[in-house]
Structures are given as structure tokens and as C-alpha cells.
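Before anything else, here is the set of structures, which you'll find just below.
In the two complexes below, subunit A is the common chain; its partner is subunit B in one and subunit C in the other.
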Partner chain A sequence: MSEEPVLWLHAVTPGPDAGRLAGITGVGGGPVRPVAADGLVAVVAPVAPTEYGEVALRRNLEDLTWLERVAREHHRVADVLARLGPVVPARLATVYRDEGGLREALAQRRDDFRAAFDRVAGRVEWGVKAYAVPGAGAAASAPAASGGAGGAGTAYLLRRRAQLAATEAAGRAAARAAQATHEALARHARAARRHAPQDRGLSGVPEQMLLNGAYLVDADGGTDFANLVEALAGRYPAIRLELTGPWPPYSFADIDDGGRHDG
Partner chain B sequence: MTGVPEYPATSGGYGLPATGQSGNLADILERVLDRGIVIAGDIRVNLLDIELLTIKLRLVVASVDTAREMGIDWWEHDPFLTARPRRPVPPGDDRGELTGGEEER
Partner chain C sequence: MGDAWTRDDASTSDALTGEVVGAPVPDGADDYRPVALVDLLDRVLARGVVVSGELALSIADVDLVYVSLRALLSSVRAAAGGPEAPR
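Presenting the complex of A and B:
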């Protein structure tokens, strides 16, 4: 193989503790290495352009088996780095031809990185999803068929309308419960983000996802946060809650409004 | 505590999720494809490609039964795909956000 490796960017850390990278395996299966620039340390994996170059990348990203492997490898490095100190994970498939291009890119965003490190230091991300519970609250009684002038057809329509109204009401109640859950979690968290719900195909869960929240929480606050989730699950039977984490602070790494409580 | 984040004791070891859910492929893909900081790379992969890819993934990840239940084109009617909400973009900053298929800077 005559071509020079290209550099897959995993994440950026404040550094300069590069020694701690020893033993971490990056995308492609080789060791990661640091590229220091301007007080930042980028953690990169040198990879073959024949697999991770522009043309190959376009092709390989369409290959779901390849994508799954790379996504897991990319995530694993961020996960390990998050245990060592503040980390800003890079979006998947950020690749540089050489260190010069990477250093330039880092220098341009230096202040953004510094702000992100301040935001995420000593904190982890937890994910909380809420799903509608089928049938919860939908058992509202249909009006008794009056047997009046309308006859059976009218009675059916009335019953059907009542069923639809009950389903709608249950849906609204579940949505309100999800909103209240998010607000309670956001009050508890250092920062919160409400992402678009995953659709059923991606989540693999048949029930509708009503909340896909991310919460930035002090690293030693995981137990309190989990207890709060449990309490909220008890308070709102119209929804089912799912807690995931801890995650590296993916949702709070970017520069815009990571400190804002939205929703 | 030295300011270094320490994962809660409930966390598993390396690569092991605390809740049995962190290793979920959908959750990982969502994070690595759609979150994390966007920095201009030398090698450009149009983010729209990744967007399309997630649509493809949604189809593939779906179980056969789920897909059958919903019809082969269910995703076309998914409001989160057809009018996908985006995080607010700060003025003058279009990094990381799809703007009608425009490639990132």
C-alpha cells in the first residue's frame, strides 16, 4: 500500500495528557494517536485512504455492516475518553489528509472547543425516552347506545366518535406527561436537549416515542437522576420511560445553546 | 473528586452499558451521525448522504414484522423525516445543520 494514511478524527480533548491514550483502539482497529494544536489535543486514528478516503467513504457509508462497525468503534473511543476527562466527540466521518489540515481546523474553532470543555467537564449525558403506553386512559366509556330515534347506525357513530375522542385524549395526556417529564428532568440537569423522537423503525419499539431527551448531569449525580426518572415513571402511567447512559456528552458538545434548557 | 468525570458506579466496565441500553445501535447511530461537533474535514462527505442513509437504516433496522405492519412506505409519511425538526441554528452559523441539501462549508 503506497498511499499515506488519512486521519480519522475521533474527538478533541483539552490535553495535553497524551500518555493516557495508550491502548485505545480507534476506527480501523489500530491505536489512536494525539495531534496537539494550540492547547487542544485531537485524538485521531490513521486509516487507509482506500477504505476511508473520500470515494471509499461515500461507498462504505452505504454499507450498513461497515457503518455499524465504524459507528461502534467511533463511539467506543469517545466513551473511553469521556472517562479520562472532558471530551468533545466529532461527528462521524470527519477525515483529514494530514495533520496540517486538522491543526488549521482546530485553530479556527479553538474558542468553541474551550467553551465546550467548560460545559461538559465533570458531567455526563443521560438519555431519557418516553413512549406512549397503548390503551392507557383510552378506556373511557362510550356513551350507552340510547336506542332512540337514531337507531343502530347513529349509535354506532356515536360510539365510534367517543372512541376516537378517548384515543385523542389519551394521546394528549401522554404528550403532556412527556412534556412534564422533560421539564422535571431539565430542572434537575445542568443542561437539557430535546431531540426529534426516533421513529419506530429505528427504535425497534412499536409504541410511539414522545420524548427523546438528553440531560447533562454531574458525573456523581447519576443515582439521583435515575431515582428521579423512576419517580416520574410512577407519577405518569400514560408513558413508559427508558433511561440510557451514561454517554459521552454528544448532545452538549456543539457550540450553540448547550447550556440552555429547552422544551 | 478532581474534576475528572467519573462515571457513576452503576456504569458497567469498558463498553458495558449501565442500563443495558447504551449499546443499542439506534442510539449510537443517532449520536454519532447527528450529534457531536461538526468540524470542516479535508475529506467531504455530504451530510445529506448521511441523512439519506439514516432513512435507509430506519428501513433496515425495522423488524420485518414492524415494516410489514406499517407498509413499505411508512417512512415517507413520518413527519420527522419529511419535515425534520432541527436544533436552532445561531445566526451566521450553518455548521452541522442541513440547509436544503447544501454541503457543509
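Presenting the complex of A and C:
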């Protein structure tokens, strides 16, 4: 219990507004603090190794209640920081033993962070998810089989085949609509990313998710972006769109690949 | 624990459906808006910067966590006699 706290990395900012961190609560419930390194300011929360050390983390990350609390505490800090200026949020559960190690790690990537700040400054992330609308377009193309030759069995098989073909066609149409939606949003955005579609069990949404996109948009462009989403929803009845955000620029914080378009 | 998850998803995803939320408010965290956990996990587990160094631990292998979550979720569903588990 007497072990030194370890440092949970929330985010990295250009600083030097350390004073503005006052009152921000980090993971674990304590105040966050700045760790300055080479023109960067890391925002960290000191946490107990008994709960956030390597062994404990592996166990706790399996606990959904624990994971949710920590994810929300982590998010809250990034959300507040994003309103103060450029921020590169850290991935969940990035923990350092001490300030020295953190400083060293930051200094090595200073130029990458600078580039990331330039990319996200004055911009926010919006999420757009597209779901297949069940039955969209299927009704029109499933006519009752005409009473030709052949018995009831044949008629059933023909009808069944037509239904399957209609379902497949509707699925293809929805997939095309989701792709076109992503492309239109990506053209509008500064950068775009596609997350893996969410598992139905995790999302709680029964319809199939066809697009789980993230879009980096100018902070004052939220209304235009939302209008575009609405226009696309009207253009493509085969899919249902859901807009989330604004988010801190989580999906564009990778400092390795320049946040390029990849859709 | 499955309870918290389900409740969060149901309420927030409904609330967020098609809704246009306002631009960020400059100051303060008081207007903190709840987000769907699953959307948050997409971002904080799979994205966000990883800076190596004197690292105690980082979730480098996100799939591992998701696999665990799925298994956990499936077992919760099964125990509750809910709808069929995700594929």
C-alpha cells in the first residue's frame, strides 16, 4: 500500500496553460497535474499501482463496471482539455512509472506531437454511424408468384427465391449507400477514419451497422456537417444515420501515420 | 454489471439518434454530456496516442479486450436469458 503512485496519461497538449488544469478531476478521482517536457505538457493523474499497475490493470480491464468508470473519467478530461486548445488524447490505460520515463517518451516524439497539434487545432471529431434499414427496398421486389404451371411447392420455392434475391439486393444497396455516405462526409471533412462496425451485442442496436465513421471537422463547421448528414439521410433511405459528437479528436490522435484519409 | 452497460446503451443511443448536439461550450465541465459507452470504447481503446517508454502497461492489443468484452457480454446475456448472443 505504501507504493509510489504511477502516472495515468490522459492527454498531451502544447501547454503551457498548466493553471487551467485546476479543478479537473482525472482517473481515480484525484486532480490531474501537468508534466512538462520539451515544450509539451502531458496531463496525468497519479493513481495507485494496486489498482492501475500492470497486474491490476489486466484484471480490472475485464471488469465492465470498472472499465466504464475509467473510460468515462478518461474521456471527461480529454473533453475538457479539447475546449481549451489542441489536445492529443492518450489511449486508455497508458500508465507510466514516473515522470522521468514519461518526459523521455514525450521528448522523443516531440515533432510528431507538434504535427498532431497542427492537425487537430481548432477542429473537432464527429461520429457518423450508418445502419441498414430492415426491409428497405425489399417489399417492392417480392411479388407473389404467378399461378403458372407447377404446384404449390414450386410456387413456394419461386417466392422464396425472389425474397432472398430482394433481401440481397437491399443489402447491397444499403452497403453502397453507406460507402457513398462515408465518401461524401470524408470529402467535406479535414480527415476521415472508419472504425470497425460495432458488434450488435455491444451496441444494443439490432440492425446491421454498415459504417462507423469519424470525421475531423472545423470547430465552427458543426452545423454544416450536421446538415450534410441530414441531407445524406434523405438521399439514402436504405440506411439510417446516427450522428455523435463533438468528440475530442481521438480518432485523429495517432502520431504515427499523419491521420490520413483511409476510406 | 451487465445492467449498467445495457442501461447506458439504451438510453444514450436513443437520445443521440439523429440528434444534432450543440457546439462545444468554451468553459467548464458542468455541461458534460453523456456518451454511449460503446462509442467511447471505439475511440479510447482503438485510437489515441500511444507513447512508448517506461510504460507499465498500454492496451496495445485492443482485440484482446474486445474479445474479453464479448465473452463477458455473452455470458451476461446467457445468464439473463436474453436474446441470442452476438455472432
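Assume the second predicted complex is superposed on the first by the 249 of 263 C-alpha atoms of A that agree within 3 Å, B and C clash if a C-alpha of one lies under 4 Å from a C-alpha of the other, contacts with A are read in each partner's own complex, and residues count from 1 in each chain.
The criterion applied here is as follows: a residue touches a chain if its C-beta (ideal position, glycine included) is under 8 Å from a C-beta of that chain, and two chains touch if they have at least 3 such contacts.
Treat the numbers as computed from the prediction; the structure is a model and nothing was measured.
Should subunit B and subunit C be called a clash or a fit once both complexes are overlaid on subunit A?
On the superposed model, which is not a single observed complex, subunit B and subunit C clash.
So, A:Gly85: does it touch subunit B (first), subunit C (second), both, or neither?
In the superposed model, A:Gly85 contacts subunit B only, not subunit C.
Tell me which partner A:Arg123 touches in the superposition: subunit B (first), subunit C (second), both or neither.
In the superposition, A:Arg123 touches subunit B alone.
Go through the superposed model and pick first if A:Gly53 touches only subunit B, second if only subunit C, both, or neither.
Both partners.
Kindly classify A:Ala233 by the partners it touches after superposition: subunit B alone (first), subunit C alone (second), both, or neither?
The answer is second: A:Ala233 touches subunit C but not subunit B.
Classify the contacts of A:Leu61 with the two partner chains as first (subunit B alone), second (subunit C alone), both, or neither.
A:Leu61: touches subunit B and subunit C.
Looking at the overlay, does A:Ile24 come into contact with subunit B only (first), subunit C only (second), both, or neither?
A:Ile24: touches subunit C, not subunit B.
Which partner does A:Arg190 reach: the first (subunit B), the second (subunit C), both, or neither?
It touches nothing on subunit B or subunit C.
So which bits of subunit A does subunit B touch that subunit C touches too?
Residues 6, 9, 12, 52-54, 57-58, 61-62, 64, 67-68, 71-72, 74-76, 79-80, 82-83, 88-98, 101-102, 105-106, 108-109, 113, 116, 124, 127, 193, 195-196, 198-204, 219-220, 222-223, 226, 242-247, 250-251, 253-255, which sit in both footprints.
Touching subunit A in the complex: which residues of subunit B?
Residues in contact with subunit A: 1, 3-11, 14-15, 17-19, 21-22, 24-45, 49-50, 53-54, 56-63, 66-67, 69-70, 74-75, 78, 80-81, 84-85, 87-90, 93, 95-96.
In the complex, go through subunit A and note every residue touching subunit C.
6, 9, 12, 24, 49, 52-54, 57-58, 61-65, 67-68, 71-72, 74-76, 79-80, 82-83, 88-98, 100-102, 104-106, 108-109, 113, 116, 124, 127, 193, 195-196, 198-205, 212, 214, 219-220, 222-223, 226, 230, 233, 241-247, 250-255
In their shared complex, at which residues does subunit A touch subunit B?
6, 9, 12, 52-54, 57-58, 61-62, 64, 67-68, 71-72, 74-76, 78-80, 82-86, 88-98, 101-102, 105-106, 108-109, 112-113, 116, 120-124, 127, 193, 195-204, 206, 219-223, 226, 242-247, 250-251, 253-257
Mind pulling up the subunit C residues that touch subunit A in the complex?
Residues 1-2, 4-6, 8-10, 13, 16-27, 29, 32, 35-59, 65, 68-70, 72-74, 77, 85-87 of subunit C touch subunit A in their complex.
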